[in-house]
Amino acid sequence: MTPVIMYSCRASDKLRNTLAVATAAITFILTLSLYRFVVGGGEIQLTLFEVLPNLEISMRLDLLSFCLAALASFIWLLCTIYSIDYMAKEHACGRYYPVLIFTLGSCQGIFFAGDLFSLFVFFELMSLIAYILVIHEETEEALKAGYKYLVMTIIGGLALFFGMIIVFELGGTVSLGVGVILHETSLLALLAFICFLIGFGMKAGMFPLHVWLPDAHPVAPSPASALLSGVMLKTGAYGLIRVIFHVFSPEMLQAAGWNNILAVLAVITILLGSAVALTQTDIKRRLAYSSISQLGYVLLGLSILNNNAITGAVFHIFSHAFMKSILFLAAGAIIWKTGLRVIADLKGIGRQMPVTMGCFSVAALAMIGIPPLNGFLSKWTLAMGALDAQMPLYVLVLLVSSLLNALYYLPIVIPAFFEMPGDNNHDHHDDHELEFNVQEATPRMLTVMIILALFTFIFGLTPNNIAFSLARATAEFLLLGGAF
Amino acid sequence: MEDQIARITSRLVVPFIQVYGIYIILHGHLSPGGSFSGGAIFGASLVLVALSFNLEAGSKQIPHNTASILESGGALGYIITGLVAIAMGGYYLSNKAAGFPMGEAGSLFSAGAIFIITIFVGIKVASTIVTLFYYIIEGEK
Amino acid sequence: MIDILNILLLLFLIVCAVGVAYIRDLLSAVILFSSFGLIMAIIWQQLSAPDVAMVEAALGTGVISLLLIAAISKTRRTE
Amino acid sequence: MGFTVHFPVLIVVVMFFTAFISPLLYRWARKLAAPAVLSALVAALVMAAALLIQVQQTGTYYYHMGGWPPPWGIEFKADPLRLYILLVVISVSLWIFIYALRDLGHELKTRVIGWYYTLYSVLVGSMAGIVLTNDLFNLFVLMEICAISACAIISIKEDRECLEASFKYLILSAMGTGCFLLGVVMLYMATGYLNYGYLYQALVEAFNFYPLNIFTAAALFIVAFGTKAALFPLHVWLPDAHASAPSPSSAMLSGLVIKIYAFALFLMFYEVFPRVVLEAIPLSEIVLWLAALGSMFGSIYAMLQTDLKKMLAYSSIGQIAYIFMGIGFHHSLALVGGFYHIMVHAVTKAMLFMVAGVIIYSTGVRKIDQLAGIGRVLPVTMVAFTIGSASMVGIPGTGGLISKWYLALSALEIGRPIFVLVILASSLLNAIYYMPIVINAFMHQDEFKKEVKPVPPVMQFCMVVGMVFIIIFGFFSKPVVTLLEQAAALFF
Amino acid sequence: METLQGIIDNYYYMVAIILFVIGMYTMLTHSNMIKKVIAMNIMDASVFLMFVAVGYAHGSQAPIIRDNAEILYANPLPGALILTGIVVAVSVTAYALSLIVKIYRYYDTCDYDEICDIRSQE
């Protein structure tokens, strides 16, 4: 039920790796085993113990938490498998794996949290532990980025704390199981909303709080950045969903117009993220900025607050998790093999590492939103939602950003396949020619990427696939009034 | 400090001062004064010796170790007296209620526990003053 | 009549205190302070608190001055 | 009631008894001195716990010294709140003492250790007395004893900084006491009582006749306790004193002593001055704003420090401000928060000073920037430091969060969200100066260069106990909070 | 005029307050440590004076039991308390002086400003 946090043993490398994978797998299977129960509309609210009067650590299971938990544990499983090879030549693995699994635990904790307080506890736990992942490289740069990350995290945590206290003060409870807590708008409630926006938006890389993200994600080891981008960003979005539907109510937000704050920020996030991504030369930085803009879609979907839009948002959480993981893992594979990070140097790499770059291109195309990949589906649904809400402007935004996506992904993909290394005859590029005589990444890494790419296809090709229907069901469930 | 007049005077005066100090301590419950002032007077007399003769003479009168032992002992005696009151069934430091023998009002032994306590406190104060003086003048410890 | 005596004593007290504050020779300040203490003792006697007066005379004047002089002898005499 | 009736006074007396017997023991039977103090502390702890249970069943009761009833006699009061504080004081000092046993030999000369035991017991005894007493004059005497012994456990390490710092402390503390005594006289002039309960009743009436006296007294009390508890503008003595003292003393001073004075101010505000007085002048308001300023400035000053112990000392200024806020809000939840913070901060800060002590003991390093990479060589120590700083910042799962939670909640409850912001901002500042140390300690590339002595198991044990307690406070705070809520409800 | 009368009636209090202020002023402004200690004693003494004056009723006698029960006694409580207070003050003084002597040995001065100078030069 509750994912058990396990510590990998430090005794031997092999054992540790196996154990880490096994833990992730067990978590995944455990989570999956809840599927039947959840789809049947089941909900569980479980109080573990009371920290303070009316303030307890509790667990809760419903459709939304199931979706995300399943997603998270799946990606985690794959990333852990990927890490085994990737991390083999890195230092301090004894620290890396336990932290990885611990983060998974707290991440699952976030998704299964039964009230804001435990959500907050796990959220902080995850953010702080993830710090160790961020600075894993221990370079000057990493430490700097890590420090930024840490400070922002703590600011976000404090904002959450503030918001939570206001909710507790106004509503007398912070449980997510009672449905809507705050019914009336007031200055304090607005303050609380803004605080939550700051706290969760921080994590989700929302403008203007995204500053930590482009620094932190690239410096982490690639599997970790895949997780950071693919899963941990989503915890912020998840938190916002919870707040919007279970603390406030959609009707109330719409009536008060507060969702417009979110919408405006989301639009800025989308456009800004895409635009800045264009100017980046480091591949991982570009991916990180792209994450910002993609999370903007999710937030936009949330701010529109109707069925289609929310379906789109939830589905986009799924699809982005898959896509971004592939991208980061592929980038990681390239860096691992060649040590190159600058995009201009990657010309022709598709010939040496066809599978890796193949996966990369699939994901990039999905990002752009080319049918029949999953990115298209989520954008389509989002656009439908925007139209439903009489907001054609948002559709325009989506289109513009897709265009921008194309502008910054295609220059990676196309030269990788169709140009020879060192085409543009700059002298220093010649040095790399030798290094390009590289083989593909290890089979294990490839398998992971291929599996993810397959999922991208599957989710895109069949509109009634399992993820989409889950997202649809979740949206309905949420709009029906959240918890009962 | 080696002054003839001071020496002779102090040699004359010191016994009287000491007796007066003891008197004040013992009669604390009958007349003005008590353990604090009496102890101070007694202690001051000891210091006077040290001042008017020299430090060795003073420390011969009451060695340092003795002084610090007396200091602790005085306080302990005070506390124990208080505890005895509890043992005898009264409150802490209670006097008559705990059954200390009370004399007739106005006579020397008329105050039960207070009398005992006063003596202890007097010892404590006198020895403390001596210790403090040496502590400052010798400046070590 | 007794009031006037008291007031005079009090005035003397203030003078002593101000003097202590302004004299730069520490030994003189200590002597002034001990006279301050003695006057204080007299005032307390006037205020019908003989035991306090006694303690002040013994401790406040005697012992403190003694300790102060000892300390000054160990350190510096002028401010 | 049986024999427990004597416990309030016995707790104090046992400590003083030990204080006087330990130099004798140290002289004649050196091995027995430390166990004597230890057993006295344990005995006091047991008595305090028994008393707490007793009081929870039978309610508040009073103990009259020597059987003299108030208003003339000396009175001790045992109610749940005081016993809670007492329990915190005694258990934390027991814990610090165990640590001190090992550390003292390193920092002090052998000759004075016996005196250290004496002073330590006197300090604990006088703090227990301050907590329990129900009488202003008794409070004064005990405060002086506490101040002298607190200064003495600083100056017992005879180096220049300690001596100077403790002299500064002594003078300012004497000023505080002077102000306090003047305040006491003012109240005595107005009412003729010194007993809290009697004063409380008499002041309601006296307030009509002598408002000025009473205001002056209140102001003087704020100055007096503010000085002693390092309320913001009166904190100047604290950093030097706490930073230069031997580590167990710093732990004691920062962990407990300043809080005792804060508690005494609380008693003044809630048990001595009736509501009429406090409503007539914005006393709590003053305390509140000073506390708010203190919580910010303490943290800002702490950021500027290069010496680890000095930084911890400044951080105490910021943290004590939370307790003052708890007093100033005039709300039961705030009291819960403030008192919970007394406990949490006592444990946390004591542990942090222990960590500093261990670092000094085993490497001799005091400067923050020399700590890089130390986490690799002293893992337990630095994990303790991490948890301690997490609690200071208020990371969930540590005790610091709970007290902040209550404080913030009550700030909202009385409709002043600005103070929530203050609390949050100061938490952020805390994070800014604690976190780099932790990061540098663990994540720095360079190896730690200095030679490292192994940390004795006793010290490690003490730090582990501290960590465990901080985490317990973070998760299982309910019994304490319930106790505090009951206790705080008595005042409203 | 009424204020003046008030001052004359309460001259003990007035003097006590003046002394308190003088003491506090000297204590906080003078940099010589021994001066500080003396001033601290003056300050304490002024508070004691005030305390005793509170307990004193005009024309009352010392609180010693005599045969004649008709006498107006002064309140003995302040006296008893001040005894304690004086003792405490003496002990603080003694402790402070011993500190001064030690500080002198390290710094060769007992002036606080000079000590600060010395420390800042290091």
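Of note:
Order as written gives the chain letters A, B, C, D and E; numbering starts at 1 within each chain.
The rule we apply is simple: contacts are C-beta pairs under 8 Å (C-beta built on N, C-alpha and C of every residue); 3 or more make two chains touch, one makes a residue touch a chain.
Remember, predicted model here, so these are calculated numbers, not experimental data.
Summarising the inter-chain layout, the chain whose CA centre lies farthest from the centre of chain B is A.
Of all chains, A has its CA centroid at the greatest distance from the CA centroid of chain D. No other two chains have as many C-beta pairs in contact as C-E.
The distance from the centre of chain A to the centre of chain D, each centre being the mean of the chain's C-alpha atoms, comes to 45 Å. Per-chain Cα centroids separate chain D from chain E by 28 Å. Chain centres here are Cα means. That of chain A falls 79 Å from that of chain C.
If you average the CA atoms of chain B and of chain E, the two centres end up 24 Å from each other. Residue positions of chain E touching 2 or more other chains: 23, 62, 64, 78, 83, 86-87, 91, 94, 97-98, 100-102. Residue positions 50-51, 55, 59, 63, 67, 70-71, 74 of chain C are each in touch with at least two other chains. Taken as a contact graph, with one node per protein chain and an edge wherever two chains touch, the assembly fits none of the named shapes, being neither a line, a ring, a star nor a complete graph. Listed by chain label, the pairs that touch are A-D, B-C, B-D, B-E, C-E, D-E. Contact residues of chain E toward chain C in the complex are 11-12, 15, 18-19, 22-23, 25-26, 30, 32, 34-35, 37-39, 41-42, 45, 48-49, 52-53, 55-56, 60-64, 73-74, 78-79, 82-83, 86-87, 89-90, 93-94, 97-98, 100-101, 104, 109-111. Those residues of chain C lying in contact with chain E across their complex are 6-7, 10, 13-14, 17-18, 20-21, 26, 29-30, 33, 36-37, 40, 43-44, 47-52, 55-56, 59-60, 63-64, 67-68, 70-72, 74-76, 79.
Across the complex, chain E meets chain D through its residues 20, 23-24, 27-28, 33, 36, 40, 43-44, 47, 50-51, 54, 77-78, 81, 84-85, 88, 91-92, 95-96, 99-100, 102-103, 106-107, 115, 119. Within the complex, the chain B residues that touch chain C are 24, 32-34, 36-37, 40-41, 43-44, 47, 51, 129, 132-133, 136-137, 139.
Within the complex formed with chain E, the chain D residues making contact are 72, 137, 140-141, 144-145, 147-148, 151-152, 155, 158-160, 163-164, 166-167, 170-171, 174-175, 178, 181-182, 185, 188-189, 194.
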